[in-house]
């Protein structure tokens, strides 16, 4: 952190600042110019509140130098983290595709979809048992029955399963059935949930909030790592902007930027990021080309009967086509499916 | 809902749609024009998924007519709802000001602030015991010790207290101490929390998410009402935009619009909505002038020592000035403080 | 500006930076810490491109200290600027209300509206002769005929008139008829237009772009002042956000913030900022309460026949009511209408 | 358009609406249900103002069915438009890369860059002679001298040149030198400029405004086509969002969506869309993978000396690497460079 003092700040004011800095275990470094005095702060400044310093007498402004995250940053951990989801490795050479319906609706629907996505080349099965819906009158998921169906689909097909957890109390139950626990976009800053997942031993799929910055996504992951769990996969799923022709705006910039800033794997959800099934394949190609480590795609055997997200779900044959068409893109980047 | 069929849609396709509509207990009303057939849907269409219909054969597009909320809407309940917080009525003639520190930091700090805001004319005391912080390394609140201090401050000053609840499991504990339970902006779509608060008997202060639309705010309140609790106060606290000179953008339009759409009281948080103490008084005046039923303001005896949100906290004398300066605005609208 | 060097930056690298700074007529001030070297830059750094320095060898990052504007800032000119529009002073004790139709549609329509808004207490008449419409198929305005009608309305009622200019070539013609030249939101960064208005002698009403930050608004005004014209009135007219229930989001924070940063008058356009006539009065009250120096309001005798913006236009009796209801708010701030 | 009447609307009110519709040359189609009357409007409804109808007595709401654009839409013109820029065809099988500096700074700089980008495989040379800068104190371009240098570079290398036009008066001069006239993001809704370019005979590169919707981009192109010029290339260059780690957010969704809605070619500017040179190559790969018809990339021989946009400019060797790395992506889509 750098503190810029006001023109004419007194020695006493500078002294108050330096004492304050030292109280937090940091070291001040004063450079007194003819017009302005600048104080550099050295040490672990992440705990020092810049806002408070900005309010102290004689301070003109303050400037943050360090990123606020640590455990998730490449500085701290230069090597890529590999996340192992029941045998499927995310973050390595292979691009991992997770696919399945928005919600588990019935045994038949899920098993049919599981075989279809497996045959098309998917590595993991997605499906919601507990659904966060913006209306209390919408279908809320099958609950534990849905979890049981997912576990059965895994046993039949061998695909590890990923499903959403919305409440810290649900973590033990869902961990009994699922291989990868998803934090949905609306819960990205549900810190009670993040802390509890940090103390759990299942890998976590952390979706970016629809209006959360890249820094907030990394800080949310930092919560999980700081609580003891480093098996975290990040997911870009579109952000909210002024554009209304699409459901969200896929922030493709975030893919290479997060890969540069962090060692954690980063995947993309083209279904939520666009909200239109016609855009899922072209944006999936773009995500792989930008360097994503995987995709999570909504697939439904009969989208027109889906209880949620039908408009953005692919039919199995379209999904198979998507898998064929991202293969040469992956190859162009020296990766495989 | 209105369904517009494609030019050349077949009788069979129209028939499929009408069967689908009837399956959900609604009545189709077909008007076949020379070029286009339009199907109006009558009945409780809130449960029918427009997205699915949009995917059915022969459908060009669909249009929503009804608002998706019901219990929170003025159509359903034309009279203003009054929320009674331990004797303080919100939503009536009196403009209710809640004030206090971002976080309870010590007994001394809170009691001192409580007397100061009471003497300036505040009707309720705010303070955080459990703090949702974007960094795991920031101060997270005093927990139950903070709740005890708040309850003591209420006993001393007579001011009802409002504090945040982040996790469904914490509701019973916090209800033992607090008079009004706050849902923070980051948890506005934490549906597990909303449902649990709906089954609780304490009034709720629901803050708009920084990334949430007015419709989503009303739908979040609908969750609480649909679960049995109609004592809900809404709060505009600024939304996230591209502007960086301020912490958030106070959506002043939302105040009269929500009052028009809903019977629930609506207050404004000028501290979070601006992030700068210099802007708190002018935006408080604006909020009252726009028709807000109250304010929630951060006040700290020594903002430069605050463990959070110092930059947007008022000192007690500035807060007293704010109270004096909103009084004539309230009077201009025929209201009192 | 402050330049933070990388850990281990060489003396030669620091030397390159200091030479570069001196080439732009600024003075470097080096403070070499044990871990990091920091270079403060003193002088008129507005011309130095921070982005380039950020690319030089050995540089970790750079930090801007100064605001990029100068002539429009309070530091440079602490006293409020008063803008005189043909005898009506904007920026003083009196709150100035400009009112009239979106577009001049006919002589009858404009003259009728002019008398109505004058009788209700407006100080200036607005009306568009050249309209920037997002569709080439929409009504584009009456052109010079519209200007003539506006001039006649001024002669009859004594109200100065404000109208939009879209193209540098049109400035002489429009200056022949109008008292105040408006730059519309879509042209806020039409720099050719801004420069030409700076060389003209008519006062300018500069509307904030719907996509422009407060800093960009001030920089756009800086263009006009830097070209020689300091008679500029700023106007907040709503920004584009994710919210869709309203046409734009009125950034009420911008009112007190701009008044703090700049000496120029600041008014508010509640019609465009909301897009709904029902919200115009409450947001007008809010604007005055927040410290705006005036309002610009769309009024039409028969909004349902308006060729543009009917949904956000007030009928004359509603406008008269607005004027009555903002009067006590103005009085509460020690101002008059 | 569909008009939904209020419950209990009178026959007279319905009659007023139908007369109004017929006045605009459209045909009403009434379907009177038991509870609601719905009026479908048939004909060229683009000229009818929905806002006015919404204000008429008895109207509950109105719904737009048609897209507001026509000439740029695929319905009107199903085949892809090919734009011929002095022999280089945009919109066909070949992916066209335009490259060069943000601004022409000197003859040496431009000629050197022109040869470098040509040798790396670029098909067109970009460079600014008149620069729209947000500060009046920044470098504003070399003006006509810059145009002459660009023309010389074309004569030497054979690369057609693209440069920005900011003012309708400049069109003849710039058309004397340049092959493709660019409308910058800040001028996307400068309707005077768009209309003038429609009457000119040079192809146009129309950049999306940083806060303009896809619909507004298409409507801006509609202005050019409606004025007689159908040689228009669209360009996605990033939109403004809340994210601050990048300069803009590249809306990759817009690429396949615009290709679906319109017959015009669509290219991507990864330099402005990211603001960071490290992100230019991965997002270029993504753009090609999503189906873009080309790229426009900032290249500078010495970015650290650039007078603008240095931070987002590639050095020639990095640009050559980009060209090599997008080649297999293009091949995967059956296209060539």
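We just call them A, B, C and D in the order they show up, numbering each chain from 1.
Here is the rule we go by: a contact is a pair of C-beta atoms (placed from the backbone, for glycine too) under 8 Å apart; a residue touches a chain by one contact, two chains touch by 3 or more.
Keep in mind it's a predicted model, so treat the numbers as computed, not measured.
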| B-D against A-B, pair bridged by the larger set of C-beta contacts | A-B
| remark: Farthest CA centroid from chain C: chain A
| Where chain A and chain D are represented by their mean Cα positions, the distance between them in whole Å | 31
| In angstrom, rounded to a whole number, how far apart do the mean CA points of chain A and chain B lie? | 26
| query | What is the distance in Å between the mean C-alpha positions of chain B and chain D? | reply | 39
| said: Which positions in chain D are in touch with at least two other chains? | reply: 211, 240-242, 244
| Inside the complex, what are the residues of chain A that reach chain C? | 2, 4, 29, 31, 33-36, 38, 40, 42, 60-61, 63, 65, 211, 240-242, 244
| request: Would you mind writing out the residues of chain B in touch with chain C in their complex? | output: 211, 213-215, 239, 241-246, 249-257, 260, 273-274, 276, 278-279, 282-283, 285-291, 325, 328-329, 331-333
| said: Taking the touch rule as given, give the residues of chain B at its contact with chain A in the complex, in rising order. | reply: 46-47, 49, 51-52, 54-56, 68, 132-138, 166-169, 186-187, 189-192, 195, 209-211, 216, 219-220, 222-223, 226-227, 240, 303-311
